[in-house]
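What follows is a set of structures for review.
Okay, so chain A shows up in both of these, paired with chain B first and chain C after.
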Partner chain A sequence: MKALLRQSAVLIALALLPAVVQALYLREKIPWQSRVAESDFVEVDTARGWAANVIWVDARPSEEFERDHIPGAVSLNEDRWVEGLSQFLGTQWSPEKKIVVYCSAASCNLAEDVARRLREEAKLPNDIRILKGGWEAWLAKK
Partner chain B sequence: MKRVVAILIGGLFIYAGAVKIIDPVEFARDIDNYKMLPWQPSVWLALYLPWLEIFCGLALITRVFFRGGVFIVTALMSLFIIASIAAKTRGLDVSCGCFGHASKYLNFSWHLALDFLLLGGLLLLWKRPSPVA
Partner chain C sequence: MNGQRFLFSGALCFFLAASAPAALVFEKTELDLNPELGASKVDAVFKYENKGDTPVHIKAVKPSCGCTTAALAKNDVAPGEKGEITATFNIGDRTGTQVKTITVDTDDPKTPQTVLKFTATIAQILDLQPTFVFWQAGEATQPKMIIAKAAKGVTVKKVDVVSSSGDFTAKVDPGATAGEFKIEIQPKATTKPLNTTLTIKPDVTPAKVYYASARVLPPGTAKP
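Showing the complex of A and B:
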């Protein structure tokens, strides 16, 4: 038992060393304070104010989109990313418009993932935001 | 038999650790998806856990600190299974990200089956060889 605890402690301590080195090396690149910067979010009222200058992207599963969605929104989720993205770029996308991505509620992360992929993978130059509170917030302010 | 299982599980943990070291922020998001910890501890765990997996994987393969490695890996697997079931019962759609992006396409049942298979293998490693008559 003593040997087991000693061995475990050594392994736990050994792993700390490279982790600290990696943390120091990546300290500028890691978002230490929050998962998503507050500036990446947009309130429902603000986004509505953008009127025709906004493209709504629904990141929820397709079945939820079919049930109901923000008028004019396009469905783009990670389940059918490649097909959905090419469809989106070929039809609704415009470089001048802002893009607002939403999912079901404040607790979901689908919008954040889709927004990140639009920035990093699709490399869209648009101002891409996440709707604060998601579809639930939209319904509450309907 | 035990030797093969130890090498397989050790190799799997080294691979799992290595793919997560490449993108710790992505792994931090995966941890954060479980909604069990605030963001900052998730980041620290994302930086630390992959290295712990690698060292434990090496312990299983090389047999240096073998029992310590088996102990930690068993504890990690048990915690992970509990966290996954808890997340599922809370209605969270989580991806563990255990093996990078590839694991995002495994559904919950497959994840759980794989986890229990690994846990079974680890329990086998706990067994001491029976004395020769």
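Showing the complex of A and C:
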């Protein structure tokens, strides 16, 4: 019995060693680590509750936006940023509304990039959030 | 005791087999890229080798974004053969830190899918802060400022600014340090909604154009 326990411990240690080394080495590079704070995200239900007090910004490529999008959403993506931003700021933008940016799914980071540029480059005073789960989450709750 | 030895040996074999490397092994699955200032695209080269003893077929190479294309010299990789996947990232109007992925699907049962990732840090020749200014309806027509700052190592002696609308005036003054400029924007009135696009051209070669926007909000728009 004692030998069995010792051998089990050896096996666990063998399995644990590379895992610990990898975890320490890759600590800063874990792919699922988001660059965005949790407080910058908003759930579909919460954003829907804001009703007319929200501007939906679709950060997906234009073809995907044209196929389907959240009703009333504005297309603003980095493929045509200059033209899109100028149009958005000149017509649909309003300072008192919340802005919710979304892309296709939780795994995409296009919404993060668009939200960052609206905050850091345009310095919009709005409460800017990223839709948690993106378009997929919206469709699931439709 | 023999039974225990058998169990230990079996578990050890299982552990070693499970930890054996996959056939198609990438030298690096994550790359950091620092494209040159003003570059329109940048390549991320992911090198691989088939370290197994059977051929591997690469079924698909899928970039996460339409802004990235991935090129593969051949789909079948013989044992011991080396190769590379080149992902070309079209920078366009993108700025800051951009993280993109390329998903590689193979017929290797051990690692049927590998996600390659690159992080591109895109610096601007001219940094504008902010890229947008606005006035509430009825607000005083005081000028608002955009600071244009040349990137480190870039010489900008002059910046030209043109407003797309005659309802705004734009004036450029030198900033506090070399390569810095103060762009003052002023609407002629704030009694009606107005907007303009400012075209900002630094004297750099090759020529590069930047844009900013200014707007007077409609009456009745609430403050932030």
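Keep in mind that, in the parts below, the second predicted complex is superposed on the first by the 108 of 142 C-alpha atoms of A that agree within 3 Å, B and C clash if a C-alpha of one lies under 4 Å from a C-alpha of the other, contacts with A are read in each partner's own complex, and residues count from 1 in each chain.
In this section, a residue touches a chain if its C-beta (ideal position, glycine included) is under 8 Å from a C-beta of that chain, and two chains touch if they have at least 3 such contacts.
For clarity, every value in this text was computed on a predicted model and none was experimentally measured.
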item: Chain B versus chain C as contact partner of A:K123, first or second or both or neither; value: second
item: Which superposed partner A:W81 touches (first chain B, second chain C, both, neither); value: second
item: Partner chain in contact with A:L4 - chain B first, chain C second, else both or neither; value: both
item: Superposition-derived comparison: chain B or chain C, residues of chain A touched; value: C
item: Touched partner set for A:I12, first chain B, second chain C, both or neither; value: first
item: Which superposed partner A:A105 touches (first chain B, second chain C, both, neither); value: neither
item: Contacts of A:L89 with chain B and chain C, given as first, second, both or neither; value: second
item: Chain C-contacting residues of chain A that also contact chain B; value: 3-4, 7, 11, 14-15, 18, 29, 31, 35, 107-109
item: Residues of chain C defined as touching chain A within the complex; value: 1, 4, 7-8, 11-12, 15, 19, 30, 64-67, 92-99, 115, 117, 128-132, 134, 195, 197, 211, 213, 215, 217, 221-224
item: Residue numbers on chain B that touch chain A, as the complex places them; value: 21, 24-25, 28-29, 32-33, 35, 39-40, 43-44, 47-48, 51-52, 54-56, 59, 65-69, 71-72, 92-93
item: Complex interface listing, chain A residues touching chain C; value: 3-4, 7, 11, 14-15, 18, 29, 31, 35, 61, 78-82, 85-86, 89-91, 93-96, 107-110, 113, 116-117, 120-126
item: Parts of chain A lying in touch with chain B, wherever the complex brings them together; value: 3-12, 14-16, 18-19, 22-23, 26, 29-35, 107-109
